[in-house]
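A single structure is presented below for examination.
Chain nomenclature is as follows: A, B and C, assigned in order of appearance, with residue numbering initiated at 1 for each chain independently.
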Amino acid sequence: MTDSNSSGLSRRSLVKAIGVAGAAGLAGCSGGDGAADEMGGDGSSGSDGGDSTTSGDGSSSGGSGEQALLWEYAFPNDDQPPVWKNAFIESYEERAGEEPQIARFSYEDLRQKFLTGARTGDPDAIEGVLSHLTEYAKAGHLESLSDWAEGLDHYDGFVGSALDAMTYRGELYALPYEGNARALIYRTDVFDELGQDPPETAAEFHEVGRMINEEYDDMYAYHNCTKDGSVRAFQEWMSHVYQHTDQLYVPDGESWSLNIEADQLGQIFDNWYAQVWASDNPIANPDQLGTGWQVNDPGYLNGQFAMIECGTWLRGWTSGDNINDSEATTQLLDENTAVAHLPYGDGGSQGTFLEVKGVMVNSHSDNKEKAKDIAAAWTAPDTLAAGAEDSPGKFMTPVHDSVESTISNDNWAPFTEVFETGRALAKIGWGPVRQEFYPLMQEVAYGRTDPYDAGQSLHEALSGLESEL
Amino acid sequence: MATETQSTATDRTFAQRLDAWLDEDMSIRRAMAVYAIIGVFMLFLLLPVAYMILATFTSAEFLYSPRLIPALSDLTLANYQAILSTGLFQQYFVNSMVIATATTLLTLTVGTLAGYSLSRFEYPGRQGILFTFLGTQMLPLVLILIPFFLLMFSLNLVDSYVGIIIAHSVGGIPLGTWLLKGYFDDIPESLDEAAKMDGCNHLDILARIIVPLSLPGIAVAGFYTFILSWNDFLLVSILSQTAATRTLPFGLQLFQSQNTVAWELLLTAATVTMVPVVLLFALVQRWVVEGLASGGMKGA
Amino acid sequence: MATSTDARTGLARYGHEFKTFLSETWLGYALILPAVLLMGVIIIYPTFRGIQLAFFEASLLNPGQMTFVGLENFAEMLSDATFKSALWHTVLLTAVAVTLQYLLGLALALVLKEKVPGASVFRSLSMITWVLPVIVMVIIFRFMLQSGFGPVNIVMAKLGLETAAWFGRPGVAFPLVVLMHVWRNVPFYAIALMAAMKSIPETQYEAARLDGAGPLERFRYITLPQISYVSMIMIVLHVIFTFNNFDIVFLSTGGGPLGNTEVMATYIYKTAFQQYALGYGASMGVVMLLIMMAFTVVYVKLEARD
């Protein structure tokens, strides 16, 4: 029958087809990375201006012939020429003889992807904030830089507190490049008109805040971040925590123990959330509950708020997408703004949240030498100087001696003092703490819970975490 | 039917009157009513999109002012110039295109073979396979996020076109296979018989008879898969490690930086992301409707 | 199967048919092999690993060290208030969204199938919201609803109404999420239902009209029953999509404010990535899967019985 013949043919041809497809597939799999690199190179080499991030030359897949991969979020993303980024690339090329591969992700994505995938060996280096460093170190994803760093030319110039911040259990896990502390940023013209001094205590803060609200129709006295999950909100809260204690958790043998009283937590909720948002005479605008830095920073710059808590990056932020009137903002920042320590509650003292950002090396990377070169290149004096040119706001309180503070305006000089009262986060995994904080903070801000009750609940919850951290 | 109309009460009369009014054949009145309702829906669905598109032709100053309608003098192409000349954006666009197209081709190929198998052959486990495929649609992605990533890594598929294409395909294969099977089922087996008499083997039948008759169904399956791949956010966010493999939806968030959200650029990029798939639908619309109408949905 | 008119007899014929059967079966398996291979490796395997995780305790920071805890994760769920509220939100969101989508989709299908001039243009236009990437939809809504310069607030200010950062308002955020789901998915229902309606032969309507049935009755007795199969598919698919959906909620509200829009998917994500509790997150994922499987089976059985 012709049937069996044709089935036989189809069987053979099917087997051939599957075989070919399979072979192609496997070849595609192993060559996939190389192909992607080449396609990536071709795509971006034709661009003008700022943004090509992969080098044009092909890299073969696998092994140490590969370029080092860096993940970052720090380089400015605007139309200006990438002075800082180019300086970094140059410095790296001197050390490693080739260009780095750079990819940009938001901090939240950086964290999620690194925690999930650090073991794959990609990326080789990553930059991030302090709380990230702690999580990565706890998970064993970071390479200790202690011995190697001491051999660096510019190692001696690093500011002590910044290096301490990057140290966990005696090992250095990152090279710092930026540091800033949170301070009270306020409108001198408003305060002058009312004949007031910047508040030092929380009580003074409430008083002057309410006064401002009465006097001014088109301005609110204050705004802070109350958005669920917002990193800023957490940092603002920690700033106030550090006014009442040096560290939220202190090491206690192998585990940690909570180092603050329930009453103090309650005070913080009261002073900065209940009074501000939920009281009968709120200090902020209750319509803006649940917002984050997107309202906070531009709001101040556009003249809507008289006081905010912020870091040095505000200084150079005179133009861009959410600034209504560049000139007005420039004048506001140059002439009508000054910096002071954050007001503190009863029983507290000057203190604030210290943010230090650093460059870290993936302990699972195949390319550790080059990754270390990345860290060295990023924090080298030339690169930092270029950064100060590109983003002066980030370098007002530099973490390396060779870099001059970019503060040029006396009104902003107090940042240096504030920086010195800053405390860096303890080296715990902050995820669970944040989980407890956000709901309670929102309940207080939205007026659902009494602040001291919330303080009590938070204290209990945080104590309960001691053994888990 | 006729018996139902016999009942008392005054509202019946009203309904009768309403019925009679509605019953008039495509009169102007009826057309007007139809247009009115369509208009309401279009307003609801399209107003936000239309406003976004309008906003992309204005400048940042306008966007941040309390004005709603731009004057003609406010309009500008600057945003598009900025976006389209950005090397990275071009990269993302190319990536999205390549990945979505390849995903569609792969899914259609695999799905056609599978659908044909399920439709024309009988073997143990046939129903089970189909149900399992459909069952994977019930999976919450968050459940398998981490094991999936680790698997892709061990297959060396992370941060490569191939990896993302494969990941997107498995999203499209279940529904695609099911749709195509439904389509193939509708084609009578007597055609197969006739072809076999002429000496065709199975692959011939598939290629020369089944596929040409099923083009609407293939259009539906292909369209669905393309959209799935083009719009995907979560899988790309996991699998892509560098800009070389990043696609448009994930790349959109990069128009926000630490301190600012560049709304006018973001909206423009979002519009450009949207245009290809809308055009695609306009092209295949007739086939999609035809495909859905003539039995693509009768899968089981 | 081809009818063979061969002249062999008895065993030989049986043997030949058996061989044909084998080769046919073999081919059947071969054709479906690529699909099974892809699905099996890429989806099924991680699913089993994910389900396996549900019975262990593992930390994101140290996933290698898993400890077996049996059903403890599931027990913990029973006393987890956030889990219950997330589950409730998910169920409520799914029920409300799918109902609205179906009703609006049905209405839109009815008008879109009319032969008015320009109908096909409207059909194309209506699908826009469905083909938009979710992130684009979220961007549009966030832009429109932002306090300050969002168009919605500008209009409300002009009307003298209250303005606010709407996504941050506890009572408003959840309805907004429902709205986004509806806005996005109505066209898909509309096109599918319209297609189904088109396949109903016009003659049936004619006959009914001749019998004296009005449009409402024609709709109820002719249209509805014949689109019930497609309706069922649409509803099942969308219940599953909405129940499992992660990105719409995550990208717009993140689960806030005050946990008002926390759904199962976002809660599982946070459990894994904020609390590092992989095992507990996986167990909740398993519960989601079970709920969806139960729903599908029950619903399909109910529909089939009609």
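In the analysis below, a residue touches a chain if its C-beta (ideal position, glycine included) is under 8 Å from a C-beta of that chain, and two chains touch if they have at least 3 such contacts.
Being a predicted model, the structure only gives us computed values, none of them experimental.
Highest contact-pair count belongs to which two chains?
After counting contacts between each pair of chains, the winner is B-C.
Going by the average position of its CA atoms, which chain sits the greatest distance from chain C?
A
Report the inter-centroid distance (CA atoms only) between chain A and chain B in whole Å.
37
How big is the gap, in whole Å, between where the Cα atoms of chain B centre and where those of chain C centre?
Here chain B and chain C have centroids separated by 13 Å.
Among the residues of chain A, which ones contact at least 2 other chains?
In chain A, 3, 7, 10, 14, 116 touch at least two other chains.
Can you list the residues of chain B that touch 2 or more other chains?
Only 64-65, 145-146, 155, 196, 202, 253, 263 qualify.
Please set out, as single numbers or ranges, the residues of chain C touching at least two other chains.
Counting only residues that touch two or more other chains, chain C contributes 2, 24, 27, 34, 148.
For chain B, which residues are in contact with chain A within the complex?
Interface residues on chain B, with respect to chain A: 60-61, 64-65, 82, 85-88, 90-91, 94-95, 98, 145-146, 149, 153, 155-163, 196, 199-203, 237-238, 241-246, 253-265.
Which bits of chain A are touching chain B when the two form their complex?
2-3, 6-7, 9-10, 13-14, 28-30, 32-33, 35-37, 39-41, 43-44, 46-49, 51-54, 69, 73-74, 76-79, 101, 103-104, 106-107, 109, 113, 116-117, 119-120, 122-123, 293-294, 297-298, 313, 317, 320-322, 324
Would you tell me which residues of chain B are touching chain C in their complex?
So the residues of chain B touching chain C come out as 1-2, 4-5, 15-16, 18-20, 22-23, 26, 30-31, 34-35, 37-38, 41-42, 44-46, 48-49, 51-52, 55, 63-68, 109-111, 113-114, 116-118, 120-123, 126, 129, 132-133, 135-148, 151-152, 155, 166-167, 169-170, 173-174, 177, 193, 196, 202, 227, 230-231, 233-234, 248-250, 252-253, 263, 266-267, 270, 273-274, 277-278, 280-282, 285-286, 288-295, 297-298.
Residues of chain C touching chain A in their complex?
Residue list for chain C touching chain A: 2, 4, 6, 16, 19-20, 23-24, 26-27, 30, 33-34, 60-62, 147-148, 162-165, 167-170, 253-259, 270, 273-276.
Which part of chain A faces chain C closely enough to touch in the complex?
1, 3-4, 7, 10-11, 14, 18, 21, 111-112, 115-116, 135, 138-140, 226-229, 287-291, 295, 429, 431-432, 434-435, 438-439, 442-443, 446, 448
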